[in-house]
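Consider the two complexes below, in which subunit A is the common component and subunit B and subunit C are the respective partners.
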Partner chain A sequence: MLELKKVYHYYGKAKALEEINLTVEDNSLDAVIGPNGAGKTTLLRAISGLEEIDRGRIIFNGERIDELEAHEIAGRGIAHCPERRRLFYDMTVMENIQLGAFTLKDKAKYSKLLDFVFEIFPRLHERMKQRAGTLSGGEQQMLAIARSLMANPKLLLLDEPSLGLAPKVKSRIFEAILQIKQEGTTTLLVEQDAVLAMAVADTIYVLEDGKIEMSGTREELEKEPRIKRVYLGI
Partner chain B sequence: MMKLQFDWRSRLSRFRVWALSFRGGITLLCLVGLLLVPLTGREYLARIVITAMILTIFAASWDLLAGFAGQVSFGHAAFFGISGYVTAAFVKFVGAPWFLAIFIGTGWAVVFSLLIGIPCLRLKGPYLALGTLAFALILYNLFLTGTWLGGTEGISALPNIGSVFVEFYIMAAFMVASLIIMRAIVDSRLGTILKAIRDDEVGADAAGINTTVYKLVAFMVSGLFAGISGALFVLDITAVNPAVYQPLYSFYAIIMASIGGIATIYGSIVGSFLFTLLSEFLRPLAAASLLIFATLLILIIRFSEEGVMNPFLEHVRDLWDKIRGR
Partner chain C sequence: MEEILIFGTIQGALLALLALGFSLVYGVGGLLNLAHGAFFLITAYIVYWTIHLLTSIPGLSYYPLVFGIAAVVGLSSVVTIGAVTYLGLMKPLQKSHIGVVLVTFAMAFFFEQFVKFVGDPKTHYIVPVVPGTVTLLGITFPAQLLALVFGSVILVTLVTLFISKSTIGKSIRAVSQDPEAAELVGINTDMVMMTSVMISALLVGFAAVLYAPGNYIAPRIGWGYLLLAFSVTIFGGMGSIPGSILGAYVMGYATTLTDYLISPSFSQIVPLIVILVMLLVRPQGLLGKKRLQ
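Let's look at the complex of A and B:
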């Protein structure tokens, strides 16, 4: 579904992404893990067109998308759920959800999706008319994910959905991510909490200092002593 | 596709609910009060109210662009002025009837909103404000130094569009229609999109919104209504000169919209009427009146960020509820 070939990105002269090769298969849930400043957010922003890459190509369903504008990429079916739950804070929960469905033309699909997001996040249903900026951190994260789902994306990009949340809320969010996977939405997840990410992901990429140092399934990575030490703390 | 069919029954029952609601009641009361003004037979009062109604459209057009789309313009006088000039020129030199001239003048304002909007697209916040300000200043100087369209003198002695009282109802119709349309726009899907761009432009882009296109749409709609008000203004005072392009007029729009309450559209009514009435009182003070307005604006921003309309209505409502013993 998604393929990155030798992607480079620089912020000025500072290299943020170096020779990134990555493939996301249809209906899979893949994860990128790595320390702070490794380039995880940059990677997702590059895919969704919020950063222009300096070299390489990004191919989505057979089409090169690395030269398209962000809104065009969104129109192709990639939804980006940004880091730190960026929302339209002055607007209501419902307005945020409606904006998520901006690229969706099918009315019947809209109400189905709406039912689905309210099923996985019932709290949002109770708070439909509340201003997004006044939601709690966990609720904001739920809304951010719900908003991305409303686009009925072929590919969902999730940037640190568990950031700053209590363990209970974290597992609630991850349950939802698994539900989304079961519904058949392909997902690329960025996560610092390696234990959580490895528990749900099919393929895991380890990004360090802008480079993919390792990749594989959970079983494969768990055999690596360095992964055990640095990411799993065993 | 929007259905053009009208369901009169449900409209009517919705209107009844609205009219009996607090806000609906107040609105109708004000409207009736407004329409009674000419019946007092006082020409002076009618003149002041006409000015206030025209400026209401102007302030609301600024509010639509700045309050809803987040594109703060300091050069709104450009749209106001260009439309005023074109309207005056068509009436004076071509002999066009006033209602036709308004269309042409407004059309030019829309064209100019694109001319200003396109280069300013990449500017944000203070830079956008300065960019739009510069445009208005360029127009001001072009019209001041050029000899076309009357040079420094401008165009004057336009025919009246009718007696004061006829004019009053024409202007009232324009104001009510403009406000209803603008409010409908900001409450529509387009309004939601504009608010999204205001809140988080990158986020809006990532949600699939072509922010470039919608920002231009906001500029055009705002330019259109600013153009209407500019045309009406010139028809009302039957003259125009380069002074309409002064930053002063742009600031008037900002002051009026902010006094009433930003991102409300209807707040502009309150702001413009207060502004116009106060200006009349302060007229003997000449230049000092601007100082008073600036102070007033600072006080309002300091003590009531949302302007005076909404907090005032809340108070009246509380009082009303108390009187009815709720």
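Let's look at the complex of A and C:
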């Protein structure tokens, strides 16, 4: 579904991404883990067109997308749920959800998606008319994911969904991520909490200093002493 | 008192049309369009030239029809000019706000020289399309001004509803709050900004179509209207639609009150005083923040 081939990105002279090769298969849930500043967010921003890459190619369903604008990439079926939610805070929960479906033309599908997001996040249904800026951190994260799901994405990019949340809320968010996976939405998750990410992901990529240092399944990575020590604290 | 109520309302209606679009463009893209007054100027001149041209055609003497055609030509032209201004001048410079200020400032001068070049530097009069006078609360005033008030109330209501209820309106608000997040949900932010400039041009164009008849027009009038739009927007709050509407009517009554209590020439410096005082005391204006409300 998604393929990154030798992708490089620089901020001025500083290298943010270096020779990134990454593949996301249909119906999979893959994760990118790594320390703060490793380039995880930049990677997702490059895929969704918010950052222009300097070298390499990004291919989505056979089409090269690295030269498209972000809204065109969204129109191709990639929904990016950004770090720190980036909601439309002065709008209501319902308006945020409706804007998530901006590219969706099928009204029947819209109703189904609405039912699905309210099923996984019933709190949002209760707060439909409330302004997004007045929600708690956990509810805002739920809304950010719900907004992305409303586009009926072929590929969902989730950036640090657990950031700043209490452990109980984190678990609720990750339960929802598993439900989304069961519905068949291909997902690429970026997460600093390696334990949580590795618990749900099919393939895990370890990104450090802008480079993918390692990749594999949870079982494969758990055998690596460095992963155990640095990321799992074992 | 009645005079202040009536003429303050008329002035407020004009200011609302002038300021709403100016504030909208700032709220959505952070762009200060100093050619805003020139949009008024060019619409008024296109209406004037079109009326002049049409009335020279034998058999076409029914003035409301002539004026109607001229208004459509003027409004279509100013909306097109708005779109071209955005695509040609604002979009390439939108990351540099000072660049947009400078280029739209230059454009305002261009339009001033353009009407002098195509027409002449003299003042001209546009005959009101609504003839006669009306008397309200014992005050008699031109019926054209009543059309301005009704037109302004209808247009401001329609634009406010459009921005709060329609999909395009919601996308305009989304871009004003977070352009990147708007792109991520599939909104073409360039298209939204162009639409905002076009709506802004349409509103100021309507101000010209409704207010210029019965008044004299001259190449320099654009600057006065820009100053009015600017002062109301600063007073009400940059980027705030309710602030612009509230600010327009408060300023309308304040300037009319000054007209009566002090002198009409003093009331012309009220907008400048408002700009200075608001920037010093409350820079965000009455209801303002950067995001569109």
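Basically, the second predicted complex is superposed on the first by the 234 of 234 C-alpha atoms of A that agree within 3 Å, B and C clash if a C-alpha of one lies under 4 Å from a C-alpha of the other, contacts with A are read in each partner's own complex, and residues count from 1 in each chain.
Following the convention adopted for this analysis, a residue touches a chain if its C-beta (ideal position, glycine included) is under 8 Å from a C-beta of that chain, and two chains touch if they have at least 3 such contacts.
Note that the coordinates shown come from a computational prediction; the quantities given were computed from them, not determined experimentally.
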item	value
Combined model on subunit A where subunit B meets subunit C, clash or fit	clash
Subunit B versus subunit C as contact partner of A:82, first or second or both or neither	both
First (subunit B), second (subunit C), both or neither touched by A:106	neither
Contacts of A:26 with subunit B and subunit C, given as first, second, both or neither	neither
Shared subunit A surface residues [contacts with subunit B and with subunit C]	48-50, 69-71, 74-75, 80, 82, 86-91, 95, 98-100, 102-103, 147, 151
Subunit A-facing residues of subunit B, complex	189, 192-193, 195-196, 198-200, 202-211
In the complex with subunit B, residue positions of subunit A that touch it	48-50, 69-71, 74-75, 80, 82, 86-91, 95, 98-100, 102-103, 147, 151
Complex contacts: residues of subunit C adjacent to subunit A	167, 170-171, 173-174, 177-178, 180-189, 291, 293
Touching residues on subunit A, where the partner in the complex is subunit C	48-50, 69-71, 74-75, 79-80, 82, 86-91, 95, 98-100, 102-103, 147, 151
